[in-house]
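Chains here go by letter, A, B, C, D, E and F, matching the order in which they are written, and residues are numbered from 1 within each.
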Amino acid sequence: MQMFAKKRIEILIERAVLKRLTEELERTGVSGYSVAPLAGGRGRAGRWEADGQIGDAAGMFALWCIVDAARLDELLQVVFAIVARQVGLVSVSDVQVVRPERF
Amino acid sequence: MLALAVQNLVSPSVLFFGMGLGASLGRSDLSVPEAIARFLSLYLLISIGFRGGAEVAHQGVTPGLALAIVAGIVLSAGLPFIAYALLRYGARLDHVNAAAVAGHYGSISAVTFVAITGALTQLALPYDGYMIAVAAAMETPAIFSVLVIARSGQGRAKGELSGDFLREIALNGSIVALLGAFVVGCITGERGMSSLKPFLLDAFPGFLCVFLLDMGLIAGRGLRDGWRSLSPAVAGFAWVMPLIGAVFAALFARLIGLSPGSTAILMTLGASASYIAVPAAMRLALPAANPAIALTLSLGLTFPFNLIVGIPLYIAAAQMIAR
Amino acid sequence: MLALAVQNLVSPSVLFFGMGLGASLGRSDLSVPEAIARFLSLYLLISIGFRGGAEVAHQGVTPGLALAIVAGIVLSAGLPFIAYALLRYGARLDHVNAAAVAGHYGSISAVTFVAITGALTQLALPYDGYMIAVAAAMETPAIFSVLVIARSGQGRAKGELSGDFLREIALNGSIVALLGAFVVGCITGERGMSSLKPFLLDAFPGFLCVFLLDMGLIAGRGLRDGWRSLSPAVAGFAWVMPLIGAVFAALFARLIGLSPGSTAILMTLGASASYIAVPAAMRLALPAANPAIALTLSLGLTFPFNLIVGIPLYIAAAQMIAR
Amino acid sequence: MLALAVQNLVSPSVLFFGMGLGASLGRSDLSVPEAIARFLSLYLLISIGFRGGAEVAHQGVTPGLALAIVAGIVLSAGLPFIAYALLRYGARLDHVNAAAVAGHYGSISAVTFVAITGALTQLALPYDGYMIAVAAAMETPAIFSVLVIARSGQGRAKGELSGDFLREIALNGSIVALLGAFVVGCITGERGMSSLKPFLLDAFPGFLCVFLLDMGLIAGRGLRDGWRSLSPAVAGFAWVMPLIGAVFAALFARLIGLSPGSTAILMTLGASASYIAVPAAMRLALPAANPAIALTLSLGLTFPFNLIVGIPLYIAAAQMIAR
Amino acid sequence: MQMFAKKRIEILIERAVLKRLTEELERTGVSGYSVAPLAGGRGRAGRWEADGQIGDAAGMFALWCIVDAARLDELLQVVFAIVARQVGLVSVSDVQVVRPERF
Amino acid sequence: MQMFAKKRIEILIERAVLKRLTEELERTGVSGYSVAPLAGGRGRAGRWEADGQIGDAAGMFALWCIVDAARLDELLQVVFAIVARQVGLVSVSDVQVVRPERF
């Protein structure tokens, strides 16, 4: 099958901020995104675990978004406007898809 | 008073808290699944709210309700300023973290509320059912005080007061659950209570034990990872602030003429610190604050302090103060 | 009848549904963890099934059982054709979506079943324990009717009738839980019931409230995101179809001579729409259908309609119709 | 004895186990969410532990306790050697897998413990509350025996006895939950039990049914995927080993003079195999072992064997053996 | 360590269809795959969240499979035969592994 | 935005061994890692599902760690010392990040 190159942005983000991020992404008109729960991790803010958390703020998610390379910069700007001040991490990688018109 | 302290200390729920604390300080891998922890906190809020509502339906809305709510709001809005001053100038905590922690101490802890009402019931000291509405009203005002404090800072952190943010705070899931269940309890009263009693009332002490086991586990994790970063002065704050909160609450209670039981509750609310609703607001308003500090203080130090030392003290004081 | 409607309206479970609906329409972040929602639906099916089985063990298998099951199967298999016609030619919904929605309305809603039996118990109107077996029998026939409808389409969608697919439908987890618990209830009868009563019976109203809170949240999400895509005619279907289903069920009930209580149940089953077992089958059989349409109709419009308007109506009618 | 076997067979919990087994052998997609399964196992351990502790608080620490614990430890440490010999030389299982399975059979099954105490209660045969402490003491010694066995192997597997590993085993979450709840039960006694009764005692049979439904699902999955890889000799081991364990336990019980009820319990503990705490230790100590083998044997074959054949047998034997 | 290039196929798929996909993958003889739960997302079919879902159909998963490049096309064919009509997404990326013979 | 190339190590690992792995990673001084729960999978050790698991050993996680290429080999050594004997899988891919100094 013929494959077409796209970019995959992955954002690790706190539960409290997830809704803002998805609303902002929708406003830019991304074709879609996916969110998966994290079970724990470690970063500059120390170590954390999802198990047992009782607060509304607890927990982090990995959100990823497959987009056309042409839109990458615009989206990164949007993402950083929200994520920069928060606990989190943004990374980009290359992927290939079959139906390029979807992204 | 000592007898009550000892009895509190050996109640199953406090022992389960201790068990969780011990397990996680000892690095056991005991844990409560995330979905269960979230459910338990939803269950507690619904149970507390519903019972408060059913109680109000039973007692009727007494004139004291409005006054007590206003007192609670003023208290919740005012305490963060005192807490901030103590932390910033007494304990030399940095601006952002002092503001975030202060927000937690203006707000209240639902589980501490449960503990005080349990102790009052055991002592056969009556209190007003509407105090749960007061508790709910005290959840959020502290958040707005924090925004004011944050803005006044040396420009290092800026809070935000957008409409979105206000909506997010007001419609926070925990507050909706507590208030919603309160309203359902008000409407369905005795009749609703009788059908929900086995789940919301009889099973409550059991669910509470699992919840406190979990709180112990989290508090232990926080203390284990965080105690190095807590200066003695900051740690001391976690034991001093409850007393200050309780004193202010006692003044307000006296002013509006609450009964001894309700006075003890207002003092406990003033003395307790949030760990369910406020942390989420602080992540939005003050992202630069380290969430572990507030959590460790409120859950690891203040919560057990109130359970063991505070509540017996507040009850004794309330009986002396209130008419 | 109006009294019952009002009483239904202010029952805790309906109020919790309303609370969920309000919370999610108001964009609160209140939510029930996925694992809990899945557990609650398992719990409800087990509790309903077990109680039905214990009831049958108590009453014995009366001759009406087989007839009632046949009636239920015919009803469940027949209603999708009517629903499809209404949607396709009345509401101008496209072929695939009309077929998928039709499948939901042939099948039944377990929670609506709980509501009708609760109302009957309150009114002291007796009904047959085997009606839970009838409900179980009505879960799946509609799915096969949808396959027939889908094939008759202009080739735009093709259903599939492979052995795998049939097995997947027959061994759907929800149906296995309901029927399995029914069998366990039949075998263990009173004895089993007495040991499981605190969990399966006494705690039921409480678990139901949490489940309905969750259903309200989901329904609200569906209405919020989906109301633009629902034409008035399609929305109207969600209130008309229950009445049509109830009328056909009443005819069948009269034909086989059900008691007033059981007649009201069969009418409610006919009037209710599935949101647990059928959606999964539709994703396999008609992947091109938009799942949000059926969910929003059945959960957001038909379910509350049945709860508030339908059930009192069906009971009143059943008392007039049945001998 | 046969009557008890039949009665056991038609108890709701055994039937739910059978329902789960049937559902997963039939490839139904019925499942219990992971978070719920983990919670149920935590709940069972807390309930069992707490009730044991409350019982000890009630009965006082009788002199037999220490002896019974020593007997349990010796039994748990000794049985793996017998099991290993049977598996390695009788059933020709490879070294590593034989060692790992042997570890499971030295340890105990909490749910089988529940089943035997339930049967004794039904028969009005008294037993000592401290047997739960004996059960807890038997959880881990087998793990150390496995390390000894593994080292003695032809160098193909090496166990490890680092301090970290010992700590991980001793602070395993399940053991902490069981022992912690036992201690809480001891301290709070009757008073604690009365407040926790609805949750920990009354709701227990219901939670147990869901847990056993889940165990049936897992056992069925294991049997479905794994039966090809189980030789008849290895499968036979799952029915022979319980009898051997029970015989040794009977000898010890006679030696230390346990009552008939407690003898039956010790025999059941000896006969049962672990599937909660030991598997985790085996993944660390013997990563090359295939975890599916031990799980399928203990959950799919030994557990139902003990429930249906074993327990009635052990009770009958205990009544003959003990004074 | 010496690394060897492989391909990673990632498939976002509905709960109702997951079993079919894994059975089909096993039939082709893939050496393994992994499945992770999603918490939510957005695509052409709109936005969804896992929380609170009560139906047997609700929920999506991310399934990924590390395979040799030589088998990529065959597997994509198998995957698309199942996924094409469903809600979902397929993408491919490059990864490196240490033990090439496993895939 | 200017992006910088880094490496992403992904390790699929059993619940029983996760703690050892994270402790070892922390000892090497990695800047952070993230852990996500798996719902099921298939490998040489057969098929497994997270649902319903009752043992303390049950379950697997995906742990990933974004690191500088210069540290890749050292970390792989550490990882393999723990994971080699266990059920699991290690893979490496290329990603790009905005703030290179964090890793």
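Note that a residue touches a chain if its C-beta (ideal position, glycine included) is under 8 Å from a C-beta of that chain, and two chains touch if they have at least 3 such contacts.
Given the structure is predicted, the values throughout are model-derived calculations rather than measurements.
Path length between chain A and chain C in the touching-chain graph (shortest route): 2. Annotation: 19 Å between the Cα-based centres of chain A and chain E. Distance from the chain B centre to the chain E centre is 45 Å, each centre being the mean of its Cα atoms.
Our note on geometry: chain B versus chain D, Cα centroid distance of 41 Å, whole angstroms. Multi-chain contact residues, meaning those touching two or more other chains, occur in chain A at positions 19, 36-37, 39, 47, 56, 93-94.
Annotation for chain B: residues 29, 31-36, 38, 168, 172-173, 198, 203 touch two or more other chains.
Chain pairs recorded as touching, per the definition above, are A-B, A-E, A-F, B-C, B-D, C-D, C-E, D-F, E-F. On the chain F side of its complex with chain D, the touching residues are 14-17, 19-20, 39, 45-47, 49-59, 85-87. Contacts from chain C toward chain E in the complex involve residues 31-34, 37-38, 40-41, 164, 168, 172-174, 211, 214-215, 217-218, 221, 225-226, 275-277, 279-280, 282-284, 287-288, 290-292, 295. Residues 1, 3, 6, 8, 22, 26, 30-37, 61, 66, 93-98, 102 of chain E are the ones that touch chain F when the two sit in their complex.
On the chain F side of its complex with chain E, the touching residues are 10, 12, 36-44, 47, 60, 62, 73, 76-77, 80, 89-94.
Residues of chain C touching chain D in their complex: 33-36, 38-39, 42-43, 46, 50, 167-168, 171-173, 176-177, 180-181, 183-184, 187-188, 192, 195-196, 198-200, 203.
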